[in-house]
Amino acid sequence: MPTPKELPKNLYRQIKYDIAFRKLATGTGIFVIILVIAAFFTLVYESWPAIKTYGLKFLWRTTWDPVTLEFGALPFLVGTLITSFLSLAIATPFALAGAIFLGELAPAKVANPVSFVIELLAGIPSVIYGLWALFYLVPLVRSFEMKIGAPPYGLGLFTASLVLAIMILPYALSVARDVISLVPQDLKEAAYGLGATRWETIRHVVLPYARSGILAGIVLALGRALGETMAVTMVIGNRSAMPQSIWDLANTMASVIANEFTEATEDLHLAALVEIGLLLFVITVIVNLVARIFIVKTKVK
Amino acid sequence: MTLIKNHIFCTEDLCAYYGDFMAIKHVTVKIPEKKVTAVMGPSGCGKTTFIRCLNRLHELTPGAKITGKIYLRDQDILKMDPIVVRRKVGMVFQRPNPFPTMTIYENVLAGYKLLGIRLPKKEANRIVEDALKKAALWDEVKDVLHRRGTFLSGGQQQRLCIARALAVKPEVLLMDEPTSALDPKATLQIENLIVELKRTVTIIIVTHNMPQAGRISDYTAFFYLGELIEFGPTAEVFTNPKDPRTEEYLTGKFS
Amino acid sequence: MKNSYPARENWRRLKNKIILGIITLLALIPTLPLFLILFQLLHKGLSSLSIDFFLHLPAPPGEPGGGIANAICGTLIIVGLATLIGVPISIMAGIYLSEYGKESKLAHAVRISADVLQGVPSIVIGIVAYAWVVRPMGHFSALSGSVALALMMIPVVVRTTEEVLKLVPDILREASLALGIPYWRTVLKVVLPTGMVGVTTGILIAIARIAGETAPLLFTAFGNQFMTLNPIEPMNALPLVIFNYATSPYEDWWQQAWGASIVLVFMVLALNILSRILARRIAGEK
């Protein structure tokens, strides 16, 4: 095909670049997929010595002793489950009430600045929550423990759950508030038009409409709580045995990795820590996919 | 039809699809050079699809397909690279769409700048002035060339888009209802401009507006449900339509 | 019957008031610890700030004085490097999703991968970066920390880039293509600049998120008592200082941990507020 003179000279080169750019963009997309798959297999590979040694038993073995090289994940699984669900149980009512308050009750003049502050609080690094908890929450819990006759460590599962609750609260709250704000005004007006009180409208119109979105927010908050490391590490007491009560010193999956990873000199110890990371990876992926399903449901409406 | 001597576009058995839907059905037509050809017909008849085939924008729609032949002079544009085709066949859209991140000056030169072509300052100035004068916008914007075009009125923005298309010196200018988003005064300016422009460039204009087609076009192509049912000099088509459906449309029976 | 109607009505009104009151109370309780945190942060933190604190290196344990100059530099370097690694990848992947992949299966796989990556706990990201960078190099380094933070940044920027580019109207793409501009230049010179404010907002949010991350740095950047600008060496960072000092037995160091916290919070808040201002600007343009 003859190149007409008036066409820019580089036009034909551009056509090649066009294809190259498309391939580059697609390749980068594929690269993101590869990153995730590679991360997963890296964890499997690095934890192989522990997987090979313990197999599935790793999940319910209760001994964790780097000295005798005995490793089992149950104390940390229990620690993570207790702190996550306890914090969720503490935070959810407050978060929900806060979301209803900001979304339905408070006038915009109050709601907007308060929402702003809450979102900024959600951005405060977790190590700072940990610092605050270590110096203010721990003494508080200690005096409480003395009153009720529990061992007065101050540190432990309960304290860790409290910090976690404070940390996930702004997060769960802002998700729930966003969902509540999506409830169409005419639905609410229809309810008021029928003579419903404000609470009845919230109870029978707003909450049912926002239900799956609120659930998504709670599940996402759970995902955060499961993987949260620093604040928990600083106040949980770092004890690798089965916790007997919520006042006990303990470790979560994340905190045992944070505490022991740089000190692990034996291959099996390191591999066991990585395997805990692998478990954490798998659990959070599942939790996030569940949240995704709820979010899709919300959008379908 | 027999009177036309020079054709710039010539389609043979052109069909265009959206997935399985056939939007253009077996169109064979010759478009005369340096004339204004109006493409008319009721909504959804394939007018816009037809002109989007001529600069190969149609194929950007997912699932879209073209069969048949489209000759630009003697070259089959379906065998050319679309980029090359679009350098020769410019387009103005229904809604004015100047680039919001660029100044008026940059907008006119977009056909060069976006391609990474660096023009000497003098030549660039000349092209800008030339294109804006052709688009009858120069006097209004010559003092604000380096401001963003977003503050211009709708009609000015549309003329800016015409200047942008003219700046790369196309042989054909496709216009897709260019005045449908404009007020009557701006519409009149653009109509006058179109009549002026046909001295240098072939214009194919999709329009909904019958008086407009009557005022500005030399030829009219009439589409109905994807078929070209009538083509000829505008005066002839308007006064003595051969197809009853054309007559029905012209007399306002459907639109 | 006649009397019970108003009684029920009154009960409904009362119930409404009681429950709304409880909700308001519940909503206000958690603001207490949150304000306590802010107050104590300001109270403890501001008192430990001084010019020396910003300009000096850490003093040995037990000796008074010393500062966090190395950690401030370290955070800037580690986060800057992470941005350099993460942003180009993220923007290209975002371009892929919005301009090429769209609703294809591959594009959905990329979206799910980004979501999965976003949900991976930061401590696990740290392990991955350890295996990918620290292990092959044989020692801790700022670079490995940056890789970990880049991994955390990618999903955020990928998704915002996609969202923002999707908002760019198609008629601008067509305007460019109709001028004979190839698609890749249309994307880079028309679509991306039009969405640039939004992309920048996404990048700022991502930086704010990673700047305070501690867990992924524990066994990558590791920390360093001395000043270093070499990304191949272990490097200190503000979150590491806060963690190490807070858990140390020295009272001076606790004080410095509060000071470092104020600096870090200020950085993170500034980024957040900046991104908000930009976001508002986009909303205003529409």
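The letters A, B and C name the chains in turn, as written, and every chain counts its residues from 1.
Throughout what follows, a contact is a pair of C-beta atoms (placed from the backbone, for glycine too) under 8 Å apart; a residue touches a chain by one contact, two chains touch by 3 or more.
Just so we're clear, the structure is a prediction, and the values are computed from it rather than from any experiment.
If each chain is drawn as a node and touching chains are joined, the picture has every node linked to every other.
Note on interfaces A-C and B-C: more C-beta pairs are in contact across A-C.
Put simply, the chain nearest the middle, going by average C-alpha positions, is C.
Compared with chain C, the chain whose C-alpha mean position is the greatest distance off is B.
As a whole-number value, the distance joining the C-alpha centres of chain A and chain B reads 55 Å. Work out the mean CA point of chain A and of chain C, and you get 14 Å between them.
Distance between chain centres (mean CA atoms), chain B to chain C: 48 Å. Along chain A, residues 11, 14-15, 18 each make contact with two or more other chains.
Shared contact sites, meaning residues of chain B that touch two or more other chains, fall at 83-84, 87, 115-116. Looking at chain C, residues 180, 182, 185 sit in touch with two or more other chains.
The touching residues of chain A, when paired with chain B in their complex, are 1, 6-8, 10-12, 14-15, 18. For chain A in complex with chain C, the touching residues are 11, 14-15, 17-18, 20-22, 24-26, 28-33, 35-37, 39, 42-43, 45-46, 91, 93-95, 97-98, 100-102, 105, 114, 117-121, 123-132, 134-136, 166, 169-170, 197-200, 223, 226-230, 234, 254, 257-258, 261-262, 273-274, 277, 280-281, 284-285, 287-289, 292. By the touch rule above, chain B contacts chain A in their complex via residues 75, 79-81, 83-84, 87, 112, 115-117, 169. Of all the residues in chain C, the ones that touch chain B in their complex are 102, 169, 171-172, 174-182, 185-186, 189-190, 193-194, 196. Interface of chain C with chain A (complex): residues 12-13, 15-16, 19-20, 22-31, 33-34, 36-38, 40-41, 44, 89, 92-93, 95-97, 99-101, 106-107, 109-110, 113-128, 130-132, 151, 154, 158, 180, 182-185, 187, 208-209, 211-215, 218-219, 222, 239, 242-243, 246-247, 254, 257-258, 261, 264-265, 268-269, 272-273.
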